[in-house]
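In what comes next, chain A is part of two complexes: it sits with chain B in the first one and with chain C in the second one.
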Partner chain A sequence: MRRTSGRLLRGLTLLSVLALGATACGGSDDDSSGQKAVSATDIQAALKKGGTVNVWAWEPTLKTVAADFQKKYPKVKINLVSERSGDKHYTALSNAISAGKGVPDVAQVEYFALSQYSLTKGLSDLAPYGADKLAAKYTPGPWNAVSEGDKVYGLPMDSGPMAMFYNKKVFDKYKIAVPTTWDEYVDAARKLHKADPKVYIANDAGDAGFTTSMLWQAGSRPYKVDGTKVTVNFEDAGAKKYTDTWQKLIDEKLVSPINGWTDDWYKGLGDGTIATLTTGAWMPANFVSGVPNASGDWRAAPMPQWTKGDKASAENGGSSLALPALGKNKELAYAFVEYANSGDGVQTRIKQGAFPATKAELQSTEFQNTKFDYFGGQEANKIFAESAANVASDWSYLPFQQYANSIFNDTVGKAYISGTKLAAGLKSWQDASIKYGNEQGFTVSK
Partner chain B sequence: MSSTSSPVTTASQPPSAQSGQSGGSKNTPRLRTRRKHTPGRPKRSVLLTVLTGLIMLYTVVPLVWLVISATKTQEGLANSSGLWFSHDFALWDNISKTFTYHDGIFVRWLLNTLLYVGLGAGGATLLAILGGYALAKFNFPGKRAVFAVVIGAVAVPGTALAVPTFLMFSKMGLTDTPWAVIIPSLVSPFGLYLMWVFATEAIPTELMEAARIDGAGEIRTFFQVAMPLLAPGTVTVLLFTTVATWNNYFLPLIMLKDPNWYPLTLGLDSWNSQAQTIGGDVIFNLVITGSLLTIVPLIAAFLLLQKYWQSGLAAGSVKE
Partner chain C sequence: MTTLQPPAGVARRPDRPPKRDRRSWTGWGFIGPFAVVFAFVFLAPIAYSIYLSLFRDKLIGGTSFVGLDNYKQALQDDQFWSSLERVSLFLLIQVPIMLGIALLVALALDSGRLYGRNFFRISIFLPYAVPAVVATLMWGFMYGTRFGLVGDINSAFDVTLPDPLSADLVLASIGNIVTWEFVGYNMLIFYSALRVIPNSLYEAAEIDGAGQIRIISAIKLPAIRGALVIATIFSIIGSFQLFNEPSILRPLARNAITTDYTPNYYTYSLSFNGQQHNYSAAVAIIMGLITMVIAYVVQLRGMRKGA
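Presenting the complex of A and B:
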C-alpha cells in the first residue's frame, strides 16, 4: 500500500508539474521586470490594514514565530499548516498551483526544489519587495540557492553547512582516531567493523541529498543551469574522487544498509551501531528529540577532507520561505517571511534549535559560545559556522531536482544492492535525468 | 467470497484447532457442546493445528508489539527489545500526551474519522441493503448487466480509482472538503454483492407474497418484513464498510489538504513523518500510542458484533 501510494503520488506530482510547466510556458511573458517596487511604507500600510496569510511550512519553530508576529501585528492572522512535509508538501503545492486555487501565500521550499518552481514562474520575485538588499545578510550557500541573477525567489530560513557527527563513545571504546580525511574515514570504517561487526561507520542505502552534497564538497559540479539550457555530468574529477572512495565502503560492506530518517536509523544512532553521520548543521535538534538516549555520546567534527589540511565544505538540506505567484496578500506574506527569516524571528528560531542562514547570527559570540549539553558541552556552533563560511557557492541544482531525486534509488540505488558500480549508477542517473529534462522542454546535454 | 470467509473458517474451526481457543469467545454457542468425530466434526489434524498456530502468531505478534511499545517513552523504544517491556511504563502518560499534543488535534482527527465512518460506512450499508434487496427480489431488465458491473467493480481496487476521482472532484470543487471522503465511501460493490446473495437466501419469496396479500405496500414489506431478516447481513456489511472507511488512507491523502479534516490514518502519518524533517519533533511513542487508540474501537466493534458477522456470512454462503 505504502509503495503503491508512493508511486501514485509520484505520478500525481509529475502530472501536476507537467501541467504547471505547460501553463507557465503558455503564460504571458511579462515577468517581474514589469513588477512595481513595493516600498516599506506599502508593507507597513498593509500590516496596519491586516488580513490573513496562509502559510504551508513544516518547520516546527515557525509556530512561535507566527504567534509572535500576530502579537506584533494584531490585525494579521497567520494560518500555519504544518502537517505535510517533503514530497507530500510539494505534491499538494504543485496540485494547488496547477489547479489555480487553494495556493498558499507563503510556502516552505527546500533549496534543491526552488528552481523547479521559480523556473516555471510558480514563485513571485521578492526583489521588488526589497529582498535583493538582504543579500549580504546571508551566507553564500543559501543565498546562491534562493537568488537567480537579480531575482530573489525566497528568503533563506535555515542552512545545513555540513559537519561530521561521531559517536565518541564508540571511537573511544575501540581506540580509533576520529578521521579528518576520507581516506582515514575508510580506514576507521574497516577498523570499527572489524572490532565489532555490528558497528558501521555510517548508514547509507542511497540518498540523493547526501550524494549530491558529497559531490559538492569533492568539487564536482554535475549540474549547470543557464535558463533552460542544462547540463548533467557526473564524470568530472570531483565525482571520480567520491565514487572511488565510496565504492570501497560499499564493496567491503562497511556502511549499514539503513535508510535515513527511519526508526531503525534513530535506533542505530542511539545504540552505537552507526558511528558517524555526515550531514547538515541542523542535525543537533533532531539528535535531541530523536535520540535522547545517546545524549553525551556524540560530538561534532569538521567534515573529512579529500586533501589533508583542506577546509572544503558543502550544504546539505535547508529551506527557504517563498511566495507562490498565485498566493494572495503579497505584502503581508512578504512581511511575515522577512520577519521570520531576517528579522526578530531568526533569534526565536535559533533558541528553539534551528540553524540560521544569517551571517550576523552565525558570527555572534553568543551563538558561537553556545554549549551543547547533548554533545557533552561542546561548542559545536564554532565548527558549523566555519563550515558555513567554507561552502563553495557555485553549486546549482537541477530545475527538476525533485524528480531527479525521486529516481535516484532506481539508478544510483542499484549500486547499494547489486553489483552495479557507483560510477555506473551515477551514469544511469545522468542519462535518466537528461532524458526527463528534454521531455520537459529543457535543452539538456551531457 | 472465499477470501472473506476465511476468518470465519478459522473462528468456527472445530475445537480441535487449539489456537481457536485463544479467542474463546469466538465460538458460537452451538459449538460449545463437544461432539466426537463425525463427518461434520473431523478429527484433529496436526498440520492444521500447526498452520492455525502460525497464522495466529502472524496476526497476534504485531498487536502484542503494538501494545507493549505503547507503554514506552521515545527513549525506551530505542533502548529495549520490541517484544518486551522497558523499565519505564509510560502508557498513561503517552495516552494523555497523544490527546493533548498540538492542542489536541488527535481528538479532532478522531471525530473526523467518526464522521466519515458514520456517514460513509452507514450510507454505504444503507445503499447496499436497498440495492441488494432489489436485485435479489425483483426482476427487471438489465439485471445481468448490473450483475456484471458489480462483479467487475469488486475487482477494481479503490486505490486505482483515487486519482480519477480526485480529478473529477477537483472539477466539481469538492476536494479539500469532507464530502470528498464521504461520497466515494458510499459506494461498496462488495457490500452490495454480499447483501444481494444474502437477501436471496434470507428472505423467502413466499413471505413477501404473504405480506403483499395481507395488504402491505412494498415500502412496508421492506422495512417490516425484509429488514429484520436482513439484520445479520446488515451487520456484516456494516463491519466491512466500517473497517474500510476507518482504515482509509489513500483517498483522504489525495483529497484533503486541510489537516483539520484529516482522519486518524492521515494524522498519524503526518506525526510519523515529523521524524523525517529537519528539526522535527520525533514522536514515535505518540504515533504508536495513537495507532493503538485508533484500532481499539475497531476491535471493540468486532468483539461486540462478531455473533452477527459470523452467522451473517455463513447464512449467505450456504445453499439449502
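Presenting the complex of A and C:
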C-alpha cells in the first residue's frame, strides 16, 4: 500500500512538474531594442511576397480600410478581430503578451494605455520603419502621446479634442442660454432641473476618462512621468477648480447618475433628459448610430471655460495602432498601420465619421465645411478643429493608467453615492495609484 | 507495515502479501484514468498557483522570487480582509434564511398534505436550473430604478422604493438572488433525505401518539442531520466564492460594488486589471485555506453531534 501510494505521488508530482514546465516556458525574451532600419523597399518587397496580419482593433471604420488594403495588395490577408474593446481588449492583449503566445501583429491602443505597454517593452519602436518622419503630419496632442524621445510606439488613428454637445431643443424650450463657462453651466443645470425635475444637465456616475479630461482642461497636471519616476497629485489649483464646481452639481443632484454607453444613457440622450454631453469629437458617429431619433435636436459647441473668454481644451479618448513586440510579419503590419493612419485609409475613415489626427485633413476646407445633418446642418468640424488646436500638450497619463482607471469607481466613485467629497475621493485614488505604482517597481510619490 | 511482519510461518493468512499487492494494482488501474484527469485539472493548477505565489512580477524589474512575501502582504491587506468580512456577513445572514426556507419547503412537501406536490416541487427547483449569469441579469433588470420593475412600481404608484442597487442595499439584493437560486437545490437535498426515513418510524410515532411537530423534531430533523451539514458546507463554500452575482451587477452599480467586493472578485481584479497574478494567487490560496478550515470545523461539529 505504502509503496504504491508513494509511486502514485511521484507520478502525480511528475505530472504537475510537466504541467508547470509547459505553462512556464512561454516567457518572453524578445528584446526589440537595437533594431535595424527597415527601408521602404523592404516593406514593398514584403507586400509583394504577402502574408497574414492579425489585427486587434474595435475602431469600426477599419473594416473598410482592411478591405481596401487587401484589394490593393492581394497577397496580404488582414485578419481583423474587432469584438473586444476597452478593458477586455487590454486584458486579452496583456495576457497574450505575458503568455508570449497569440499576440496580434497590430493592436489598437488608446493613448492613455500606450506608455504602459511601451515601458514594459510590449511594443515595437516604429522609428526604424520610418514612422519618425511622419511627426509633422499629426496634431501635437496625439503625436506627443505616441512618441517618447526619438521612439515612436504607434501611429495616431484618431483624436478626441473635446466639445460640448447640447440638446438645443431642450435649451430652447426652457429659454436657457447655452453655457460658455462652467459657472454658467452650473446655473443652467439648476434652471433646467427646476423647470423639469426629469431633466439633468449631464449624466455622470463617475467616469475616469471624463474626470481626467476635465482636470486636463482645468489646468491640473496630476501625473508627472519621468521614466520610472512618477508623481501623482490631485491637489493642485486646477483640480480644486474642477472639484469645487463639480461638487456643486453632485451635491445638488444636478447630474443624472447614469453610466455612459448604457441603454439608459442612449435613452436619456434621445428623450432630452440628458441636456449636454461634454466629450471627444469622435462622438457624432455614435450619435447617428446610437440616438437616431434625436436627429436635428443636438448641436456642438466649444467646451465651457473656467475663465470667460478662454479657449482651453483637452482630449478625451483617441487611439493609435501599435505593433506588439511579439507580433510577426512586422513589415506587413507596419505597412497596414501606415496605410490606415497616414495613407489612403485616413480619407476612407473620415468619410465614415472618424475624427482624424492628421493636420492636413483637419485643416482642409472640405473637412471644415462638412455639414452635419444630425446637428441640423451645423459645420461642427470647425468647432472640433479649433478645439484640437487649443489642446494643451503637456498632459501625461500614468504608465499604469489602465489599472488606475479600473479602481476609479472604488475610490472617486464614493463621492457619487455617499457623503465623501470629490476631493477626498481623488485623494484616495491618488493613494491607491501611488501604492500600486510602487508595488510595480516605479518610484511613485505625491 | 510490511517490514515488521512476523515470520511467514506464523502468519495467520500466509497468502495475503502477494495477493494484496496484486489487488492494489488492479485498484489503481481502475482509478487511473480519474487520477490522471484529477492530477491535471485539480492538483496541477493548485501546484502552479503555489509556485506562482512565490514570485512577484513587476512592470518595472520583471519577475523575482520573493518567498512568502506575497502571503505576508495578503495577511496585512485591508482590502482582502474587508472583502472577507463582507462575505462572512453574507454567510451569517443569507445562509440561515436560505436553508430555513429550503427546510420548510422540504418538510411541507414531505408532509403529504400539500395539494399539487409535484408542481410545487418542480417550480421551487426551477430557479436552480437557470444559469447564475442569466438569473443575475434578470434580477438586475428588476432591481433597476429607472428601467426595471422597481422603476415601474415607482412611477405607477408614485412612490419611491429604496434603490436595491444602492451601496447600503446591494449586498442584501445579492443575497436575495442567491436565495432564489439555491432554495430549490437545498430543498431537493433535504427532501430526498426525508424520503428515505423508514415508514415504520412514523407508524411507531403514531402509536405513541406523537403529533406532527413532535415527529419533525424527534424523527425527521435528526434523520436528515447529515444532509443539513452537507447543505451548510456547500453554502459556506458558495458564500466564500461569491463572484458571479457581484461581477454581473457591477455595471449597474459601479460605485457600490467595488473591485474588491468579495475575495474572489478581488483576486480576479488583481489578476486581470492589475496584472498581479502572483499576489492574486497568494490571496486565492489563503482564501482556499480559510474556506477549508471553516468547512472542516462545521463538518466536525455537525457530525459529532449526529453520532
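What we mean here is this: the second predicted complex is superposed on the first by the 413 of 446 C-alpha atoms of A that agree within 3 Å, B and C clash if a C-alpha of one lies under 4 Å from a C-alpha of the other, contacts with A are read in each partner's own complex, and residues count from 1 in each chain.
The rule is short, and it goes like this: contacts are C-beta pairs under 8 Å (C-beta built on N, C-alpha and C of every residue); 3 or more make two chains touch, one makes a residue touch a chain.
Bear in mind that the values here come from a model prediction, so they are computed numbers and not experimental data.
*Asks:* Under the stated touch criterion, which partner chain does A:Thr52 make contact with: chain B (first), chain C (second), both, or neither?
*Replies:* neither
*Asks:* After the superposition on A, what does A:Asp263 contact: first (chain B), second (chain C), both or neither?
*Replies:* In the superposition, A:Asp263 contacts both chain B and chain C.
*Asks:* Check whether A:Ser393 is in contact with chain B, with chain C, with both or with neither, and answer first, second, both or neither.
*Replies:* Touch status of A:Ser393: no partner.
*Asks:* Pick one for A:Ser94: touches chain B only (first), chain C only (second), both, or neither.
*Replies:* second
*Asks:* Which of the two partners, first being chain B and second being chain C, lies in contact with A:Thr120: first, second, both, or neither?
*Replies:* Only chain C; A:Thr120 stays clear of chain B.
*Asks:* Is A:Gly441 touching anything from chain B or chain C once the two structures are fitted on A? First, second, both or neither.
*Replies:* Second partner only.
*Asks:* Touching A:Gly102, do we find chain B (first), chain C (second), both, or neither?
*Replies:* Only chain B; A:Gly102 stays clear of chain C.
*Asks:* Which partner does A:Gln363 reach: the first (chain B), the second (chain C), both, or neither?
*Replies:* A:Gln363 sits against neither chain B nor chain C.
*Asks:* In the superposed arrangement, which partner chain does A:Ser39 touch: chain B (first), chain C (second), both, or neither?
*Replies:* Neither partner.
*Asks:* Go through chain A and flag every residue that touches chain B in one model and chain C in the other.
*Replies:* Looking at chain A, the two contact sets intersect at 1, 4, 8, 11-12, 263, 267.
*Asks:* Which chain A residues qualify as touching chain B in the complex?
*Replies:* Result: residues 1, 4-5, 8-9, 11-12, 58-61, 81-86, 88, 92, 96, 99, 102, 158, 160, 261, 263, 266-267, 270-271, 280, 282, 285-286, 289-293, 317-319, 352-354 of chain A touch chain B.
*Asks:* For the complex, which residues does chain A have touching chain C?
*Replies:* Answer in residue numbers: 1-2, 4, 8, 11-12, 15-16, 19-20, 23, 87, 91, 94, 98, 116, 119-120, 205-206, 228, 258-259, 262-264, 267, 399-400, 402-403, 406-407, 409-410, 413-414, 416-418, 436, 439-442.
*Asks:* Show which residues of chain B lie in contact with chain A when the two form their complex.
*Replies:* 74-75, 77-79, 159, 162-163, 166, 170, 176, 249-250, 253-254, 257-259, 262, 267, 270, 273-282, 284
*Asks:* Provide the residue numbers of chain C that touch chain A in the complex, in ascending order.
*Replies:* Checking each residue of chain C against chain A gives 1-2, 20, 24-25, 28, 35-36, 39-40, 43-44, 47-48, 51, 57-61, 146-147, 166-167, 251, 254-256, 258-260, 269, 272-277.
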